[in-house]
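Have a look at the structure below before the remarks.
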Amino acid sequence: MDFDALISGLDRHTLDGITRGSIYALVALGYTMVYGVMKLINFAHSEVFMVGTWTVLGVYTAIGATSGSGLAMVIGATLLALIAAMLASAGTALAVERIAYRPLRKKGAPALIFLITGIGCSMVLVEVFGQVLRVFFGRPFGRVTVNIPAVLETKTVFTIPGVDLAVSNTRILIIVGAIVMMLALDAFVNRSRLGRGVRAVAQDPDTASLMGVNQERVIMLVFVLGGAMAGVAALLYTVQYDITKFDIGFIIGLKAFTAAVLGGIGNLRGALVGGLFLGIVEVYASAVWDSSWTNVYAFVVLVVVLMFRPTGILGESLGKARA
Amino acid sequence: ACGTTDTGGGSSGGGDEGGDCNFKIAAMGALSGPNASIVVPSVDGAQLALDQWDGGDCTVEMERFDTEGDPAKATPVATQIAGDESFIGVIGGAFSGETRATKTIYQDGGIPMISQSATATDLTQEDPVEVFHRLVPYDDYQGAAIAKYLTDEVGATKVFVIDNAEAYGEPLADRVEETLGDAMIQRDKTEVGQTDFAPTISKIESAQPDAIMYGGYIAEAAPLLKQIRDAGIDVPFIGGDGLYGADFGNAVGEAGEGAVVMCPCAPIDESSTFAADFEEAYGGAPGAYAAEGYDAMTVFLKGLEDGARDRAAMQEFVTGYTGDGLSKSIAFDENGDVPQDQVSYWAYKNTGGTLQPEVEVKPAE
Amino acid sequence: MLLEMKDAVLSYGKIEALHGISVQVKEGEVVSLIGANGAGKTSTMRALSGVRGLSAGSVVFNGEDVTKLRADQRLRLGLVLCPEGRGIFPGMTVTENLNMGAYTRKDKAAIDEDYDRVFGLFPRLLERKKQVAGTMSGGEQQMLAIGRALMSRPKLLMLDEPSMGLAPMLIQQIFDIITEISQQGTTILVVEQNAKQALSRSDRAYVLETGNIVKTGTGAELLDDPSVREAYLGVA
Amino acid sequence: MHTSGEVGETLLEVDHVTLRFGGVVALNDVNFEIRRGEILGLIGPNGAGKTTCFNAMTGVYTPTEGKIRFKGKEIAGTKPHKINHLGIARTFQNIRLFPEMSALENVMVGCDARHKSSVVGVLFRTYRVRPAEDELPESGIRRSLAKVFGVSRHTLEERAGRRRSMELLRFVGIADRAHELARNLPYGYQRRLEIARALATEPELICLDEPAAGFNPAEKEDLMGLIRRIRDLGHTVLVIEHDMKLVLGVTDRIVVLEFGSKIAEGTPDEVARNPKVIAAYLGEPDDAA
Amino acid sequence: MSQILDAVRGLALGERWNHAPKVVRWAVMLLVIAFAFYLPYLNILPFAYIRTDLTASGSDWASVLFLIVVYMIVAVGLNVVIGLAGLLDLGYVGFYALGAYSVAIFGSTNSPVVQALQSRFGLSEDWAVPFAVCIPIAILVSLVAGVILGAPTLRLRGDYLAIVTLGFGEIIRITFRNLDGISNGAAGITGVPVPPGPETDGRAFFNTIDAERWYWLALAILILLIFLARRLEHSRVGRAWLAIREDEDAAAVMGVAGFKFKLWAFAIGATLGGLAGLLFGSKQQYVEPNAFMVNLSFLFVAMVVIGGSGNIFGALLGAFLLTYLPERFREFVDWRPFAFGVALVAVMILRPQGLVPSRRRAREFEDRRHEAEEAAADV
């Protein structure tokens, strides 16, 4: 136990926690949106994120971006990777919806079934990168950790005076990127007409259709938006950690879902709050003790929060429970 | 129209006294799943030894049993092998966990095992069974060797030791810590599947070590090392045999330049054709513990040549075996371990993405 | 003919709720649909609005065959249902619920006018503008549902038991509103248990019995029909 | 009915209850009592606080101020299922059946409220009782076994529950669709099923929230009969209803709420003539169709 | 798949079964049970092809049967929680682990706890808590864990429970992995005791080689548990669970003590999970934390759902298929997880009600499907 380390490095740990939490938060959006509208835990969402990281690798490889490329290349490659990852993740999310959920919806299947097809889809996607593609294309696919070139090299941009905390370009990108995306999404859902449609379907699909909301479109939109956010998360993740792996989604997905619940599932701002909170708690606790208990910290915090606030920190919002 | 099948289970098999020589050897390990890449080469190595063998009137087959490295999946496999008398030896288990879970089954079945890579100390030191033998030293020695490398070769006086809290990494790091004594300044634990090591990095930063040791596998070592280098920490990084393999270089990329992997495995003897043969048969350089796999098979084959025709005879033969192998000269002590003086530890340096032998280390004792 | 449903068959699993009924509504009319519990009134409304598909038969609205259109597509054509049991969005505020009524509309100025009109009709809603709809009383929710339907500026407004759960004074008011919007040019199809009120305010009416139409006529005719009087008006 | 007291004594007392939701005062110092054996009507404009009053009486909400006493015992703050055990049952304004259970099963859940089999008792049939002669199995061996070892309480309760549930379905007049899923029943049947389910818990006080909503006049007529028969069985009835004909026709006394406050109380005649009630609620007299 | 099943259903087995005389039902049931006990020796072609040890690299048939039955016990327990009470428990592996670890920690001479007791009370090195005492300990530990987990969390709404229970499973695993002084950490505990029995030629009756004895033991326990679980289902308790699943608030107003019954469901589920874990750990004679990863929880849920949640026999079938098929098709090594995922999706889409749904669920589903289809008829 080393509380001194936590206190003395509080600034540093907070920055680390926010960085980690930003990624959780972005991925959490996908869970929260789908849950809000369909009351469904989309288990395949972690793999939507995973596909995004591979897409980044694919783009870098295709255009030959490596660490040490020129500035134009760095910006171009990063932007291209961002767009590609958003598209790929959104596409994957949509495909999951089509293949695993829509047929069930048409048949009016109970909620548990969606859970199982989601788990099935998740396994399939993991195996596609861990096994299927390896058989056809060989490396880098397979069950190994893969290096992604650090196109955007980590550099200290400025040092916060007083606390002497070095802030790097990648961290700025992650934190700012995550927050901007969240705000944009939040504004979209709460302000735009389509966003209102999303909330209406969340609360009462039948009546929503009587108001002229196309339910199928809304559901697709939700998967696409959630997927795109996971794509953004994927790019930011690779920028920070420079790796991917066939099963990389699992832990992040688990944490992101925890974050979504922590913040109040179905609530977009809740995802942000939950993600950041979880990231910070994990880092603080790991600083005091060590990282081998990380999941325990996360879940203990979850239980404690839910005991006092049964619907998460900010409560539910998209699909508020019927009173 | 109803027939019955012969599924072994007792009387069948080829072990008739002095008669024909028809046997099977089982190789058990994670042939699928995330860890397959550190197991398959050794099983391939065993197969190569069998292929190169001129068995005379003996026909021997090797059967591969996939356990995914999971003890629960390994037990039915072991029961099957132990119950089928046509198996005369087992190569494996590749991992310590599955070995721990199955060695009593093999003991009950009286079938000798030779493990090519299970290094956990307790397998032979705490509750040894007669049938278990291994061609690798146990982690205590490996840990000591790593510590020795750190102090003698690197000259480190402030080592930061990290492990992955798992059955392989933790005891290894424990042993390193023990041997280093005061030369270790701080210890930290991570978790399998972790990719963000920020808390560990900040601990390293404030500890200001002159070397870092990691006990764990490639999947976590790669991001850990990258983040260490990203944070501008340039001190030497050294890991155990869990990092041994081409995948390490691939996964860590440029950040891995100069990282050191310790392995109780000598570089393949230049004069032997093993490397070339292996490459020809499997289309790649011999990977982790390929030579040990080859040696394990060779011991069993020698036993058959020697006239061992049942498990008891084979067990007796293996226990008393001495001979030169590819990886080391082989003999087993009463616990089933190869004698310490036969083992050579090598430090391999990651240069340009591949592991190059750097220096041999002899642990103290 | 604004709306024409022909030989409609609707079933829930093995239960057939409508056995081939035909309903017509002319532009500008107020038509009511009466019948006992389980007669199929709500089912008829569902079929017309597109919440549920037909297994046989057709629906034509404003000259267009809408049988294969979804509810949201029909709404865009001006066919609007205020459903039985209200179906307000419980987690949205009163204002947001009304907003949803104008979901497909883009004419901002006219929308604002309609707000005022709805708040004028139901001052209670204005008082509770910010209340989350799920916490309102049954009758308040009913007002909201009707107000929301009006926000869609329907060509044909279908109301499924609009007076259910309302206090006597409000029932009176609801029927006045129906008359009023009808005079403003909206065609109306209404399902009512309050048959006396409904019939006296309707141009025409249909009587449904166990999934079949058993009677039709002008409101006044049916009001005088002895069998109708006995079964639905509670007058022996 | 487990205990039955004297007809006319105070059964439930709403003692100066106030209930606020944030700024909304749903009940404002409401004060009235329900007497054993009567049919009491609770009326008032929409949003007056009638359903809230029910919710406070059945443990869904806890009053902000004031007390609610049932048979002299304070019940505010007691859990809903405990309140049911004390003897209050209700129906819901928005029907809330167990949609995927059959009508019969719905009622059996109600019956279970009075049953005593525990989980352990169900598993191991430990609690044996000596059955009455007519509860013994028919066949010889089992009959003698039952005589010697008794029958588990669970078995007896199960049989009794089934029998009673069928009786109740017959009582409310929907026995013909006993085995259909509740969700597939027509609205009117669902309303009646809710009443049967509430009756199954053997309440001393049964509260009906707009039982006639969605009924046509003929059906309302039937319902009035049903409510009277419920009272004749010995239950006390509290009914919320907007249909004046029904309310005036069936109740013994009426309490009128407006904006959360009680504005009148009395016999149907008195209330119908009360100018405050007319102004707030009834409108012109001939509207009560 | 679905055609075959429909064809089978066409035979109206269920109907016939219900109308068959009691004697016939008993006879058939006894036959089925007898056949189940005979299974390890099944050796008549073509049926023998279901054996897992027929192909090269196969695994021991009786051991696989044992694992199947252990998972069936799990499925019966989880079916109470998910299928009957409608509580989504994604951390069931936690109870399974507790059962296995209880018997290891108290019954193995290699366990740090036993060793500490030995030295504290000066007991001999061979002393450990006897197996017979370990059983109630394991049951009690898992039951108490069920209550401890349930008490604060069962008040949460449906899906929150899923993530909290998932967390519970992880906490149990990580705790056992990290607490070296109690559970021997990541290395696990060897020498887990086995049920006592007469020794035959130098081996314990329940040994590692004669797996069929383990299978019979587990099977006998399973049959007893099924019998008890069915009693629960068709009782006041089963009805209460159903009512809670449908509308908890309405159930409360009807006098159903929701919390109490949910807690019971949790406790019963936990106990069965612990019991299954106990059997597993004892047969394995070794427990280690990695045997209890989250994925196993998902697998358990999949068993219950694929078979048809709410129906014990569905859950049994699910447990059988999901355990058996990967073992039977070992030769596909690395393709198995992929095939598994595809199969999960395909089966659920073709038969969303599960392979053998309970009659209630099937009926519910039929209705809803018609509705959904009609609602969608226009798209």
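As written, the chains take the letters A, B, C, D and E, and residue 1 is the first residue of each chain.
Here is the rule we go by: contacts are C-beta pairs under 8 Å (C-beta built on N, C-alpha and C of every residue); 3 or more make two chains touch, one makes a residue touch a chain.
Just so we're clear, the structure is a prediction, and the values are computed from it rather than from any experiment.
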item	value
Co-neighbours of chain B and chain A - touch as defined	E
Shared interface partners, meaning chains that touch chain C and chain E	A, D
Far-end chain from chain A, centres as C-alpha averages	D
Farthest chain (mean CA position) relative to chain B	C
A-E or D-E - the one linked by more C-beta pairs in contact	A-E
Chain centre separation in whole Å, for chain D relative to chain C (CA means)	32
Mean-CA-position distance for chain E and chain B (Å)	34
Chain centre separation in whole Å, for chain D relative to chain B (CA means)	73
Chain A-chain C separation of Cα centroids, rounded to whole Å	44
Chain A, residues touching no fewer than two other chains	130, 292, 295, 321
Residues within chain D bordering two or more other chains	184
Chain E: positions in contact with at least two other chains	177-178, 334, 364, 367, 371, 376, 379
Chain A partner contacts - residues on chain E that touch it in the complex	82, 88, 152-153, 155-157, 159-160, 162-164, 166-168, 170-171, 174-175, 177-178, 294, 298, 301-302, 305-306, 309, 334-335, 337-338, 340-345, 348-349, 352-353, 361, 364-365, 368-369, 371-373, 376, 379
Of all residues in chain D, those that touch chain E in their complex	58-60, 79-81, 84-85, 89-90, 92, 96-101, 105, 108-110, 112-115, 117, 119, 122-123, 125, 154, 157-158, 161, 181, 183-184, 197-198, 201
Touch list for chain C against partner chain A, complex	49-51, 70-73, 75-76, 80-81, 83, 87-92, 96, 99-101, 103-104, 132, 134-135, 148, 152
Chain A residues touching chain B - in the complex, by the definition given at the top	5, 8-9, 12-13, 16-17, 19-20, 67, 130, 139-140, 142-147, 149-150, 154, 240-243, 245, 247-248, 250-252, 283, 286-287, 290-292, 294-295
Interface residues, chain C side, partner chain D - complex	12-13, 15, 34-38, 42, 84-85, 124, 131, 135-140, 142-143, 161, 164-172, 193-197, 230-235
